[in-house]
Amino acid sequence: MRRALKDQQKGVKVKIAFIGLGNMGTPIARNLIKAGHTLTVYNRTRNRAEALQSAGAKIADTPAEAAANAEVLITMLADDGAVEAVLFAPGNAIEVLRAGAVHISLSTISVALSRRLTEAHREKRQHYVAATVFGRPDAAAAAKLFVVAAGAPEQIKLCQPLFDAIGQKTFVAGEDAPAANVIKLAGNFLLTATIEGLGEAFALVRKCGLDQNAFLEFLTGSLFTAPIYRNYGGMIAADKFEPVGFKLPLGMKDNRLLLQAAEEAAVPMPLASLVHDRFVAALAQGLGESDWAAIARISYQNAGLKDGE
Amino acid sequence: MRRALKDQQKGVKVKIAFIGLGNMGTPIARNLIKAGHTLTVYNRTRNRAEALQSAGAKIADTPAEAAANAEVLITMLADDGAVEAVLFAPGNAIEVLRAGAVHISLSTISVALSRRLTEAHREKRQHYVAATVFGRPDAAAAAKLFVVAAGAPEQIKLCQPLFDAIGQKTFVAGEDAPAANVIKLAGNFLLTATIEGLGEAFALVRKCGLDQNAFLEFLTGSLFTAPIYRNYGGMIAADKFEPVGFKLPLGMKDNRLLLQAAEEAAVPMPLASLVHDRFVAALAQGLGESDWAAIARISYQNAGLKDGE
Amino acid sequence: MRRALKDQQKGVKVKIAFIGLGNMGTPIARNLIKAGHTLTVYNRTRNRAEALQSAGAKIADTPAEAAANAEVLITMLADDGAVEAVLFAPGNAIEVLRAGAVHISLSTISVALSRRLTEAHREKRQHYVAATVFGRPDAAAAAKLFVVAAGAPEQIKLCQPLFDAIGQKTFVAGEDAPAANVIKLAGNFLLTATIEGLGEAFALVRKCGLDQNAFLEFLTGSLFTAPIYRNYGGMIAADKFEPVGFKLPLGMKDNRLLLQAAEEAAVPMPLASLVHDRFVAALAQGLGESDWAAIARISYQNAGLKDGE
Amino acid sequence: MRRALKDQQKGVKVKIAFIGLGNMGTPIARNLIKAGHTLTVYNRTRNRAEALQSAGAKIADTPAEAAANAEVLITMLADDGAVEAVLFAPGNAIEVLRAGAVHISLSTISVALSRRLTEAHREKRQHYVAATVFGRPDAAAAAKLFVVAAGAPEQIKLCQPLFDAIGQKTFVAGEDAPAANVIKLAGNFLLTATIEGLGEAFALVRKCGLDQNAFLEFLTGSLFTAPIYRNYGGMIAADKFEPVGFKLPLGMKDNRLLLQAAEEAAVPMPLASLVHDRFVAALAQGLGESDWAAIARISYQNAGLKDGE
């Protein structure tokens, strides 16, 4: 890919196979098209692919068809299973991807699968870069994602123009691709630490009869100035977990991947275990369609607070 | 106090009894003197009072002597016991404070004691304002504290010039004085949620062989922009908990007060309980002289990480 | 007391002041009377004392009056506050108890208070034996309590006939009286570990659609043969926490004393913290009148199980 | 199988394929041979199969060869992966097992796999009975296991003589085979609840300077009479986790299966999560070769207790 991307840095188009057109994949793919690249897209549900046709994307009928002539394969899929199906199912992408091409995996997948992909691509003399992203669909649409990339430095350098097309900033996590997955999971874990903290704190504040909005004003106006406090604190103060930014079962999946990675590395993470228990309780309370911040409702319920109280 | 403070709003001096000249009390007292007020100070260890003499403070030999002619009594003491001794011991401050004077309690004390003070001052026809503060000694010296005040609106209004002299911003938490104490404890709890989250996340990142400073750069450069992440994340990444901003046993005291308040309000707070367990383990490991962020070391130890590894 | 008790070992009566005639104290006092001892009883609510009059007890109007001529003072009170009031309030028991007399404290009190009592009695040249008891009111009535005694070996030996009159077995925990309190708290903690384990296990079993009674039969018929499994497992399987053997707030008090003792000894006990959170949640759900095994209901609620489901 | 087993009830031999000859499988197989049945055995490491040859077992070279003519297929394997390999790998046992034969799965496997086996055998018109066992190798050798069986009542009835040959008591958990797996996991969870409780209690007792053996005597002589308290309490009091009854990583596997089953059923189990954290910490401390009761050492370490202190 070296030639192509070097040219691209001068404005030349890169041939990209883009697989996975969900809420995140679609705006990311649009931004790559806008930046002048040629996209062949594949999505299991074809109509999401068709929506990109007018923007100039070519549609493939299978992952392999998309990957066949690509210089870069980008995957943005829901979970390990989806990535495995695209890459490893008989006759699929890894079989047809040319030697020297690079696979950029944007998906939040397990550290173990990222390690397996590193090996599998190496055997095929392809390149693998894990590039996890932080930000919600609106950030993806605005090309404001934070990208955490790990892999061979040369490959990361060559991919940089693509990262620039989709994000506001790229962090390089090292040469070992799974590092980017660890950081993604650790970052999401820190968000859940904040959510759980806020849930318990607001339960106390509400039960003591204080005004929760005044408390929120205090927090965001003093030491807790990061937007995450306003974002999640606002939902929790209002006890309202719609509209959904990140669906609860997806957050639970990431928590599960984190606990797996931590177990493999022999790192006990009791706060992550507590968050796990919250997710399970939230599902049991029927909160599966809510934003993941709805785990705060378990704090409310266990404190005897009723909705709207 | 109405007359005096009204005058003061026009620049007239207020007669203040200031009790408690620790690391926070001393710079706060200095700022009040700078703002033109007359301070009679008392401290159990007299030499800390003498240090303020040159700045213009008068020294009292007992809390009662300090409080005797004050329009405003300010206490900034270590814990419930110290406040009780100053206010309620036979012949002490509450006995001699004049009717109409106001007691501003800056200390981090229990919600229960704050409630008791509310009652006790009401009986004496004195006023009571709980005004808890966020910020470390350097913020106190720079008059950059965040003040959370609760009490009768009229009293808070009259005290505002004093708050302005010591802090950068005042949040009013309502008419019920203990509300300011709840918010102080809930705010400190949210700091511990951040510290615990960072401790576990860095344990994972280190054990996976990633560069912890790169991880810190990522955090503070993306979603975790509040200074608390850089501050605590920096200590934890370096596994170095000196110099001490807030000593571990003091943080543990605040956690204890939080759990008591939560128990009284019947609010289970499992994350606060986890932090409690961390504090206890940290003491058992001899970390009593470290910054409270040293609870992160328990995450390191339980993951089998040695110092400096 | 040496002479008296030596005689008593030959059947001579001991003069006992017995303070605290609750659900446990009353049957214990009766058994001491039955064994031939002379009791002067005191209870804050006098009618509970009167109920023992027909059995031969003499009634005192104050703790001090009861203690005045006693060879042995026995206290069986609800908490630290009650013991402190009886012993340390001006003009109370410790003032009038004669040198050489022994105070046997049966109450579940804090390790700290037990240590203070050790000192206070030593100063008065009185003796102090902590003798905590395991068993419910029916066991007390049947003189089937388990007694854990700690104190000077000679004193314990002299008190043995009294322990034999109220219990089925005496364990000696050492010479340091507070040891008996630690063991009482640790034993009760192990009961809560069993209750919490059963609550979670039955929540799983119920939610999976299994028959909870069959599960209980399996447990008690295989590895979990101690009566505590049948007792608590039965309540939890039936989701019915009446009749009350040990009231939830009393169990919560003991959990609090345990956590205090553990904090003082710098021993983190995360399972005890979890149980604490359960107690708080149970109070928030209005379970304050139930048996302490009702903390299992929090497991049921968080799993989305409704009553009787 | 009906005919064969009916005959067997009168003493006729059953043709059994027995797969998995580990520490549990070997003594179980021996007891079946002793009871007069014909065993064809398979083990991945062939020499463990050869050890049974002299007792009369026939050796098969593959799982399929063993299963080919069996009336009953019994599997006693380490984990889901091993069971899947034996049953589902191309050309393996489920392909050759005759219609009407019954598969008795003794292994501790996931509830999900047990459900999948139920379906797979039904499709092949074979029968499936989950029969989990409680007890250690010595209990297996003595035919003293507790068996928890679930499946079609008729099949369980027919299998009863086999259960009688290996265990002291059979509990029937219902018609749905996975129920036996739930009960196995729930039972093992209750053991970990006991271990964790004992670990924390002994940490407190040791740190307070009490004699841990006296504490153990008290426990096992009063309310905690089940042998599990003496067994695990003895190891924990001695801080010695060899000889190994049940290896720590196996206990961790069962905890993982429990948490998965609980997650699927939407049942939060915070005590199970705590135990998970303990297992992870124990591995990080290099305790992977110890008995699973060694999680207690984490309680000791976090309390600052050194080995042998």
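Here the chain labels run A, B, C and D in written order, and each chain numbers its own residues starting at 1.
The definition used in the following text is that a contact is a pair of C-beta atoms (placed from the backbone, for glycine too) under 8 Å apart; a residue touches a chain by one contact, two chains touch by 3 or more.
What you see is a predicted model, and the numbers here were worked out from it, not measured in a lab.
When the C-beta pairs in contact are tallied for C-D and for B-C, the bigger tally goes to C-D. Chain centres here are Cα means. That of chain B falls 55 Å from that of chain D. Once the centre of each chain is set as its mean CA position, chain B and chain C turn out to be 39 Å apart. In chain B, the residues touching two or more other chains are 262, 266-270, 274, 281, 284, 302-304.
Viewed as a contact network, the protein chains are fully connected, with every chain touching every other. Taken together, the chain B residues at the contact with chain C in this complex read 262-263, 266-270, 273-274, 276-278, 280-281, 283-284. Put simply, chain C touches chain A in their complex at residues 270, 281, 284-286, 298, 301-304.
Listed in rising order, the residues of chain C touching chain D in the complex are 111, 134, 146, 148, 169, 171-174, 176, 178-179, 182-183, 186-187, 189-191, 193-194, 196-198, 200-201, 203-205, 207-211, 214-215, 217-219, 221-229, 258, 261-262, 265-272, 274, 299, 302-304.
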